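First, the structure itself, so that you have it in front of you.
Labels run A, B, C and D following the written order; every chain starts at residue 1.
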Amino acid sequence: MSDTSSAAAKSLPPAHPFDDDKLKEECGVFGVIGLAEAANFVALGLHALQHRGQEAGGIVCHDPEHGFNSARRFGYVRDNFTKTSVMETLPGPLAIGHVRYSTAGSKGAVIRDVQPFFGEFSMGGAAIAHNGNITNADALRKELIERGSIFQSSSDSECIIHLMARSLQRNIPERMEDALRRVEGAFSVVAMTRTKLMGVRDPHGVRPLVLGRLGDGWVLSSESCALDIIGAELVREIEPGEMVVISDGKVESSFPFRPRPSKFCIFEHVYFSRPDSIIGGKSVYETRRQIGVELARENPVDADMVCPVPDSGTPAAIGYSQESGIPYAMGIIRNQYMGRTFIEPTEQIRDMGVRLKLNVNRALIKGKRVILVDDSVVRGTTTRKIKDMFLDAGAAEVHFRIASPPTAWPCFYGVDTPEREKLLAATMSEDEMCEHLKVDSLKFISLDGLYRAVGEATGRKKDCPQYCDACFSGEYPVTPSDQVEKGFELKAAE
Amino acid sequence: MSDTSSAAAKSLPPAHPFDDDKLKEECGVFGVIGLAEAANFVALGLHALQHRGQEAGGIVCHDPEHGFNSARRFGYVRDNFTKTSVMETLPGPLAIGHVRYSTAGSKGAVIRDVQPFFGEFSMGGAAIAHNGNITNADALRKELIERGSIFQSSSDSECIIHLMARSLQRNIPERMEDALRRVEGAFSVVAMTRTKLMGVRDPHGVRPLVLGRLGDGWVLSSESCALDIIGAELVREIEPGEMVVISDGKVESSFPFRPRPSKFCIFEHVYFSRPDSIIGGKSVYETRRQIGVELARENPVDADMVCPVPDSGTPAAIGYSQESGIPYAMGIIRNQYMGRTFIEPTEQIRDMGVRLKLNVNRALIKGKRVILVDDSVVRGTTTRKIKDMFLDAGAAEVHFRIASPPTAWPCFYGVDTPEREKLLAATMSEDEMCEHLKVDSLKFISLDGLYRAVGEATGRKKDCPQYCDACFSGEYPVTPSDQVEKGFELKAAE
Amino acid sequence: MSDTSSAAAKSLPPAHPFDDDKLKEECGVFGVIGLAEAANFVALGLHALQHRGQEAGGIVCHDPEHGFNSARRFGYVRDNFTKTSVMETLPGPLAIGHVRYSTAGSKGAVIRDVQPFFGEFSMGGAAIAHNGNITNADALRKELIERGSIFQSSSDSECIIHLMARSLQRNIPERMEDALRRVEGAFSVVAMTRTKLMGVRDPHGVRPLVLGRLGDGWVLSSESCALDIIGAELVREIEPGEMVVISDGKVESSFPFRPRPSKFCIFEHVYFSRPDSIIGGKSVYETRRQIGVELARENPVDADMVCPVPDSGTPAAIGYSQESGIPYAMGIIRNQYMGRTFIEPTEQIRDMGVRLKLNVNRALIKGKRVILVDDSVVRGTTTRKIKDMFLDAGAAEVHFRIASPPTAWPCFYGVDTPEREKLLAATMSEDEMCEHLKVDSLKFISLDGLYRAVGEATGRKKDCPQYCDACFSGEYPVTPSDQVEKGFELKAAE
Amino acid sequence: MSDTSSAAAKSLPPAHPFDDDKLKEECGVFGVIGLAEAANFVALGLHALQHRGQEAGGIVCHDPEHGFNSARRFGYVRDNFTKTSVMETLPGPLAIGHVRYSTAGSKGAVIRDVQPFFGEFSMGGAAIAHNGNITNADALRKELIERGSIFQSSSDSECIIHLMARSLQRNIPERMEDALRRVEGAFSVVAMTRTKLMGVRDPHGVRPLVLGRLGDGWVLSSESCALDIIGAELVREIEPGEMVVISDGKVESSFPFRPRPSKFCIFEHVYFSRPDSIIGGKSVYETRRQIGVELARENPVDADMVCPVPDSGTPAAIGYSQESGIPYAMGIIRNQYMGRTFIEPTEQIRDMGVRLKLNVNRALIKGKRVILVDDSVVRGTTTRKIKDMFLDAGAAEVHFRIASPPTAWPCFYGVDTPEREKLLAATMSEDEMCEHLKVDSLKFISLDGLYRAVGEATGRKKDCPQYCDACFSGEYPVTPSDQVEKGFELKAAE
């Protein structure tokens, strides 16, 4: 059921200048235990994770005196979770939070869909926040409804709390294990009871989750950059298939699932994670710079300058420049006041499109041969517009270098991708794309090159690659069963 | 769990000038089937029922093309459910709605508590709107949680939809019967499926519910005044214990509960219902005028004028004037711009209290003996303030005549009453109240007089009175079991 | 120039149920000196004067430490001038305020048009609030612009502050005298400097202004009801042509204008003033009741009940009932939640028209002969709708009795009236109106009857009536020169 | 007088991450004639000029049918001037607009202070938008008030419209000349009548103003980047002391002032203008890169990487890296969701300070020697915080290189600078600052180096420098007479 209670939220599109032509991470999660006014720390953590979900955010907290409290809002963390009037309604030393782009199920924006989800069980309440996507959610929902559960949201994540409500186990951590064993797909979950903070990653470890420490408190976060903002120290990554239960200052670890090969999402390296986060001990920025280096080795071209497509192409452009020796330059200037897109624009303004967000540095690029480095090509609409802007401004040549392989397959593990037929690379080869986009050259990094950049010296393993790269390869580590049921065709076995 | 998502709602107190010193009806319900754009009619009906609940309102509707849609908002119907932008999201020929004051369970205002409640079952969705109160809700909620149901609100009414979700019956009307048989207390329910509009009254018929007709469509409403606003004709009242299921233009009636004696709330006559509504074939206004006539017979006094305490005392004051021959006069003028009380007033303004709302007609009442007719005395705080205003303005004598018996017991059937110890009549006799309030005289109508005014020529039956008059008599037709569990002491048997 | 800065304000129509068919008073003024936090008292006073202007309100105050401060807002006083956050920006013991319906010049609602107006002169600042209308404002504005004044509003009242700015006098009270001597029309002005509160009425005294006292402080107010709300005592009315200057606890009075015969607006008695105000020592309510008595004497009719058209017809209906012996009854119930009209209603809702606001008490009036008492007939649109509602509900006969003579001429002294050709009485006789409206009878009180009711035992003086009754008689005490310039035709001399 | 009408505006601080420690340009102006729906183009132009003023914006337009219309709002252009509901109130082929940070005179944010200012003269209306600052505004205001002008704002710019209102000239362009001849200081003005668009620069040409062309229309803009957004072609810069009057498709140029040496603000090159704007035929980005080159030549240091302080330090950091051969790297990552600072933050969040906006790329800089390039040092508070962040993250050495000379004097020509004693460079030498800030080294570019970078091969002329560099040199081309009157001490002659 669509609910207009929060219709205003529809006017809050996310902030990235090319959002309509990017893959979008769907969620970020954060939790804190053992720090006074934990919700304040969660608000800061969510602010640092805002790039993982700009549509809405929520916080649930607990205090022995006031019990559970929560707040869920559409819009940015900085606008919602910073006012004293809101934050003083969220007391206590234990809190979790969630930012989201949009859930798999929902079209309209409804406050009921905003996590964390909360359930009151006979042994007390629990709240969960989920990053990822449950690939058998439709089947689970059908089964739960038949047994008399009432869903309040259209989110796939709500299945988890209903499975927990119906579990026969006696305590909440065991109920959560029970529930997650029925769930297929990708999940990094942060959850809480009145006294415990819990974190779980799915057996493949598709989505990230890290453990941090601040004074006597413990922190769980999607990325390490959110530890930095509160001054917490990065302890380690939660392992694929690991569950941690934190209370009384202690962290208990267990591995409740059948072991699976690790399949961390390689696109977290390319685009989703923030460049100042650390994955596998290495700066994401440095990995992206290295992608630019590999890209320059694989696809050199003679030119006058290397320009990033801001902001995500910047590290790879720096790497490309350093490897190629071609000077790095800011050929495109981003309007820093485009934090959101225009609300209800007039038609004339809407037609301005990308010019509202970016401007070519005309005096700089006139008559020059330019290499533009971008992180990915999804629909290709933005690539074409940028090329047009450069030609209008008098560039002599425009060469695109893309810091990821062609995106030819949708992601079903918590990323918002267009339907397969709308992905440019699903229907065209690299050369066809180059011709279609009418650029002087267009080259993507190879899958092997990408694996080298992320640190796999021998490249991608054929049989069982070290990462989930389904969006490039079509090889899905977990069968997306709901999608297959709806008619999605998996890649034919070779 | 308290949720601050709708914290703004706290600044929307209801509109009546003495809200802090009145009993408050908690809900109004309205439903329409068989009329194009049914939600528009529901909005109008709810506007006419706004006196039954000013805090929030909601509408659910269904359309074969768009499925179920809903909107729930804090504030007045006129502010929320009239804009094209909202109403065009509520298409279809079938809709139900609800206005509420506040539910039994909740302290803070939370949008999740705003009805109608909706549940998706395996055979399709259903929505319900409930006027009344479930006296065994705590026990039911505990039982349902133990079985794995997750409650989304603090409302007692949510039990009904969970009981329906777990019923073994095969269709929704039978599931609703099933659910309501587990429920104790007072309820007038309007509900809907994709194709059916349903209405039920509890076996005692404590809360009102009427059936109306407009063209080919059918209407259910708490009161007949809401039929007038849409031009519908009053067909009849739904009987105590009756359930009607309306589809394809036909009304099917059944009586699924064990029969009980009728116990319609007598306070609906005194204060809750609108004076232009018709109950039992008679204008509520006329009944109230008749209460004034009885009051004048029982408690005459020599004076210069009869003045109503606006607005609810007006009909009884007219009756008192006509019976006594003492001229009727507007001794108090209400400020018509007090639709809401002041939001966040400065302390100086708060101290002005009743003067913000009412002013004494000084030149009129100076040196005069005044009879003031009010509908009830709850805490007595307002009575005292009005007396002070009249004495300040130079009235020679101030006599109060109250159009209901002393309110000595709380209501547990859908009315917001203070705790028993805060009811003035729970601790004082009529004479003690007169002395406490320092008025020249204070007289209430007798219970027998009230019964005569509502048309019972022989007065109140001793053993089994014809109405629920528990707030006056302490005789509760349904044992309030949750309350007794919490320690409420019933009246000792005589 | 129209300015959309305050476009939202357009959705704030005034509160009276028949606003589209009533004459509307345009302003109320209030001022306080010598009381701590004077702005709080002004807010309360303006709340009590809200019936004189619902569109917007403003307050200017002065404090030796903080200088002049002001706030101007669209909407009700209760919503704007009660929050601590606003009121604490308005410190000091001296403040004036203004509520307005709309000014003569403006169509759209612009915050610049909201009074009080403020001007900084070389000897210090002054603020003025004006009730009335300047009939030579167009000519004055043209002259001032030619001399280099820049107008910031479209209000006629702004002329006064510019005339003051250009006066050659050395102090502000003398500059105000200077300015007002150039002004024609009707004005009751409340003004202030850093240390003085000033009040002036035009030589005819068309608009009211009273002086009150509270402790050591002094108060000026359009009506006495606004003294009551702050507990101030009514000292006296400011005389026509009088100017008072209050400082250091003393009131100095002077009469700076050439004397003119008193022409107090008789419609203040009929409709504009609040019934609990006192004019000429007499309760306005009592005068209106007396109008009902005269009306019953002049225009008797046999019927079953006398019903007021709420709320303004109530006192006259009571008088009519008492004089005629026909019982008074509430045949129409007003929806108390129509504080404002619906904002952006759907078409279906708009068509409901008067039913949103009023409902006929069907069970009461069915088969009965009803006398309806209303205060005036302007366009006649409401009269017709009410008649239709009564016939639909089954009334046997519908007789209208109107508590004012036929309104046949527009007011140019601070009242919003339709153009002359839209006034029903401008083009039809009483009998023609009766036929046009299809009612069983329609009778207006005579001008002489009205004069008797307001206390002139000998009725209206032919040559020089005691009141301004131009809206009934077409005899304008001050020639409306701007209007005549634009083509308005005065009544031909007889 | 302070007016709380727009108190909400106080919660809209500008967007730059170090706003509290930057000089701030105060205004941007834009005008269009000869294009249908000119206001839409003005909205886009103002959006591109938003970096010149984030607090508020306004547009005035004219249409033969609808006359003058305007809208003024607090907040970003993208939020206010893009909705159809606003823009359709701004019809016509002629419009001007203004964005502002804050005016010289005002403390609180008041909508009356938002430009363009409008005045109705006897020959018709005119509107003006002003970038700069009038250094004799206090004296002018005093004189105008004595003559009877009433000021509606606290803005120095309002003097211009009052001077125009009182001019004896017969047409508006001549009145504007007349007015501007009385004005001292820096001004780039865009103005309009019903039929003409006008642009003027003060005789020194301190603030920029360019002329553009789009189809049959003409455009005036503070910077060329705002021509790009609407697709207009840069025609030329308006000359210092030049006035252009554009109507009927023709541009008439005149030079109404006594000639003065050109003194373009050199800080426009360093920081104020957008890097994609063109000044003097050269990309501002390229000039800033060249500043980095000069800085590397003047102040080399051995290190592992060169990092910009985002975003304004980026071009100079690129230049420094290229000249020095030390690799360029993103050592600081900016949180892209800090478009505004937190509104009403809790104290805990406020204390987080710069961490909300920036994060150090820890894994990258650990153990490294880092050169940080920033555009300027004002108070020095940010420099210190960034140094702390780098040391916390384990940097081995932190060297600051500043792309402007020490800022030791306030600007009185339209830039918001702290009082002189708060400027770090007003009280300390370069070495003292280095010690005070506890960095490994701190070096500023020399004034001669800056002049070389902007293209003056021979450096700065001693006697009469080619630019206004008063903020570095204390040599003010126009004596700030109001300030001197208030006690500001000019630099002693050497």
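Assume contacts are C-beta pairs under 8 Å (C-beta built on N, C-alpha and C of every residue); 3 or more make two chains touch, one makes a residue touch a chain.
A quick map from chain label to UniProt name: A, B, C, D = Amidophosphoribosyltransferase.
Here the structure is a predicted model, which is why all the values come from computation and not from measurement.
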Seminar exercise, completed: Those chains that touch chain C and also touch chain B are none
Seminar exercise, completed: Taking each chain's centre as the mean of its CA atoms, chain C sits from chain D at a distance in Å of 50
Seminar exercise, completed: Separation of the C-alpha centres, chain B versus chain D, in whole Å, is 62
Exercise. Counting in whole Å, what is the centre-to-centre distance of chain A and chain D, each centre being its mean C-alpha position?
Worked result: 37
Exercise. Residues of chain D that touch two or more other chains: which are they?
Worked result: 85
Problem set entry | Each pair of chains that touches, named by its two labels | A-B, A-D, B-C, C-D
Problem set entry | Contacting residues of chain C [partner chain B, same complex] | 15-16, 37, 40, 43-44, 47-48, 50-51, 54, 76-79, 82-85, 87-88, 225, 228-231, 274-276, 278, 281-283, 285-286, 289, 311, 314-315, 318, 322, 327-330, 333, 335-346, 348-349, 352, 355-356, 359-364
Seminar exercise, completed: chain B contacts chain A in the complex at 1-5, 7, 60, 67-73, 85-86, 89-90, 111-112, 118-122, 125, 142, 145-152, 161-162, 165-166
